[in-house]
Amino acid sequence: MTDQFADKHVLEAEAVNVWYGNFHALRDVGMKIKENKVTALIGPSGCGKSTFLRCFNRMNDLIPGARMQGGISFYGNDIYDKDTDSTEIRSKIGMVFQKPNPFPKSIYENVAFGLKINGYTGNLDEAVERSLVRSALWDEVKDRLRKSAQTLSGGQQQRLCIARALAVEPEVILMDEPASALDPIATLAIEQLIRELSQSVTILIVTHNMQQAARVSDETAFLMVDDNRAGYLVEHGVTDQIFTEPKDERTEAYITGRFS
Amino acid sequence: MITSSKLFSRSKFTRSLIGKIFYSLFFAAILTSIGGLTILLFQVFSDGLPWLSLDLLWNYPSRHPEQAGLKSSLMGTLWLMGLTGIFTIPVGLGAAIYLEEYAVKSKLTTIIEVNISNLAGVPSIVYGLLGLALFVQWMALGRSLLAGALTMSLLILPIVILASREAIRAVPLTYRDAAYALGATQWQVIKNVVLPLASPGILTGIILGMSRAIGETAPVIAISALVYMTFIPSSPMDRFTVLPIQIYNWVSRPQDEFRGLAAGGIIILLVVLLSMNTIAVYIRNKYQMRSND
Amino acid sequence: MQERYKNRSKIGGKIVKWIFFSCALVSILTTIGIIFSLLLQAWGFFSEVSVFEFLSGTRWTPILKPRSYGVLPLVSGTLLVTVIAALVALPIGLATAIFLSEYAADKIRRIVKPILEILAGVPTVVYGYFALTFITPTLQDWLFPDMLVFNAMSAGIVMGLMIVPMVSSLSEDAMISVPKSLREGAYALGATRVEVALKIVVPAALSGIVASFILGISRAIGETMLVTIAAGATPRMTFNPLESIQTMTAYIVQLSLGETPHGSLEYNTIFAVGLLLFAITLVMNILGQFVVTKWGVRY
């Protein structure tokens, strides 16, 4: 019990509902995300994990017809407040996507992009190197920083995207199935990276791979779809507990593979 | 948790200001196009409406503006379009059928396709020169409607071919498969299945090609070289003039009345074009097969 | 049973195929015809006037004495109008494309795109009329009292308006084919819409945008009636857009309407100029296609 009080909550979701047009995609999801821990979102496809993830950096704002109800706060501040600029949120809460999406620019320019648009006044070269070191890519690319990012392998591209996100020094990184498009070796590298990064950054990761969630995360949240195809939260707790002694029978059914 | 936010000068205000400035520039660009078109149409209509009358349609051109009319050029346009259609529709359709149904990926096919798209970018006056050298002189057709029609059909061929190809391509494979499975030959499949289903799109392409042809002036000038005509053609070998040329003739005259006549002619031309395009769009929207059906 | 299928003959099918094939060949014959007829007639010209004199001479008086056959005044006239048109159309066309691709809601697109299509479909005589009867007097009254009735600027401005739809739609196609994932990656870093548009999308679509510029300019070079009506019939080497000039295309029209006899040197000048015009636009069109295929990125 003392542990829980010692951990700060970076993000808090309260009664979050999302509609795409008339389709109710997410129903009354509430959750507290602990600082500097890895929290995994698992559940069957279509249960709204990605939708929920995108609420945290207001990426759903970019989808015409998407509507959100409820509250998301970042260190106690409502991020959907009218006076809050979404671009500022996104520089503090970064995102890595399922399919690596490096810009058609050089490796250097990819990492530097976020720094430049956010008006970084320090030494650009050092910052780029720092980010590439943090994402375990520096040794592999230090001699070809000016080469196009498209010349990298899938796993390297994803680590580049992580470096790109790290460069603007966010407090949180949201990861939407970051390894699902990668081969097993690259996947393992990403998982290792996630464990290392969580010492300094809070990570919220969506994954459809339960073993990955068990390997990588400190806490896990399980979502499901109801009869109206709306997603909702079933259970959220410490990873060990979720996977060995789930409190809800639906969680147990999912984990033991009775449905996926 | 690293907090070096002091190094980031987020300058929210500047970025937002820049965003707003660019947005206004982009929006202004849209307004310029809309504004330009509006002013153009307004100008034409205000100049030309007073001159719209039945006389304008039924009279021959004259040195006296009050008596001048479009009879010869309108008849010329009708003749030219009719003859052009006779040549362009079968050839354009035939080429499209060949390229979509028969041709295999080969060097020759690529050459043909590259060729067609290059021809689409050739200035129309060059087509006029081709027609002049080939049809007027070498084939000794003289400066006749026939020579003009052959020239125009070459000009709009790429348009008709392109539209027909798209229409044919949009016919779902399943229909062809069903016909072949019943033992139909390739030509039977094309004639009985593909063409009927593709005909709205093909028709749209023909109408769009023809509407382009109606507005073309330069190649017709090169062929017919006739700007002032006071009779109507009675055979394909006759000389002719067309509506846009008459408009050009009137625009070139300094007197204000002829400017007004020109505007009147433009109104008629625009109305014809608008109707044709509206019909084409209507056909396309109502009947077109969507390839993902 | 046999009678039902009597009409199916293999030979019939082959004949049909060859008919259609020859239709497709017409397009190749057209190109050959253009090149051949231009070359043949221009040959008649170049047997009397050297190519060097044609391409480097600065006086074009093929009808009036003393005769001079330097085509550069016509080329400079074309260039002057084209440059003005490009200054108008390229920024406005690109800005329009950016607006439609990155900003506009569906409702706005549904209004703006048909308007652009209408602009593209207006016959060029109408644009010529507009330039002569509205733009020129307006510019004369408000900005340039020294402007002549026939001048390069009015023609250039209206020509720019005319090719905006082409530049805009080709650029827009290029920008729309940039995948959404690139934009999302930039937004996720905290980029504003303008930054995404100008720093990510436009660079990624650059080959298509440049191609649209090239093709737009090629169209401007080949345009005839607008310049014939509004730009003048005075071959003159000048950079002053307020003066009258004559473009290559306008010269061809002028001579076509004249009484020059077939086969004479004066008559053959239209083919020499036509050949030059064809060569220039062909090179530009090929360049435009080349830019897309070699330089473009397939997503």
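For reference, chains read A, B and C in written order, and residue numbers begin at 1 within each chain.
The definition used in the following text is that a residue touches a chain if its C-beta (ideal position, glycine included) is under 8 Å from a C-beta of that chain, and two chains touch if they have at least 3 such contacts.
Worth saying up front: this structure is predicted, and the values here are computed from it rather than measured.
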From chain B, which chain is the farthest off, judged by mean CA positions?
A
Comparing B-C with A-C, the busier interface by C-beta pairs is B-C
Expressed in whole Å, how far the mean CA point of chain A lies from that of chain B is 53
So how far apart, in whole Å, are chain A and chain C when each is placed at the average of its C-alpha atoms?
50
In whole angstrom, the CA-centroid distance of chain B from chain C equals 15
Got the chain A residues that touch at least 2 other chains?
87-88, 91, 117-118, 168
Can you list every residue of chain B that touches 2 or more other chains, as numbers and ranges?
15-16
Taking each residue of chain C in turn, which ones touch at least two of the other chains?
192, 195
Using the touch rule from the top, collect the residues of chain C that touch chain B in their complex.
8, 12-13, 16-17, 19-28, 30-31, 33-34, 37-38, 40-41, 91-93, 95-96, 98-100, 103, 112, 115-116, 118-119, 121-130, 132-134, 161, 164-165, 168, 192-195, 197-198, 215, 218-219, 221-225, 228-229, 249, 252-253, 256-257, 262, 270-271, 274, 277-278, 281-282, 285-286, 289
Spell out the part of chain B that touches chain A in their complex, as residue ranges.
1-5, 7-12, 15-16
Touch list for chain A against partner chain B, complex
35-36, 85, 87-88, 91, 117-122, 168-169, 171, 200-201
Which residues, counting only chain C, touch chain A once they are in their complex?
105-106, 179, 181-182, 184-192, 195, 199-200, 203-204, 297
List of chain A residues in touch with chain C within their complex:
57, 59, 62, 64, 87-91, 94-95, 97, 99, 101-105, 113-114, 117-118, 161, 164-165, 168
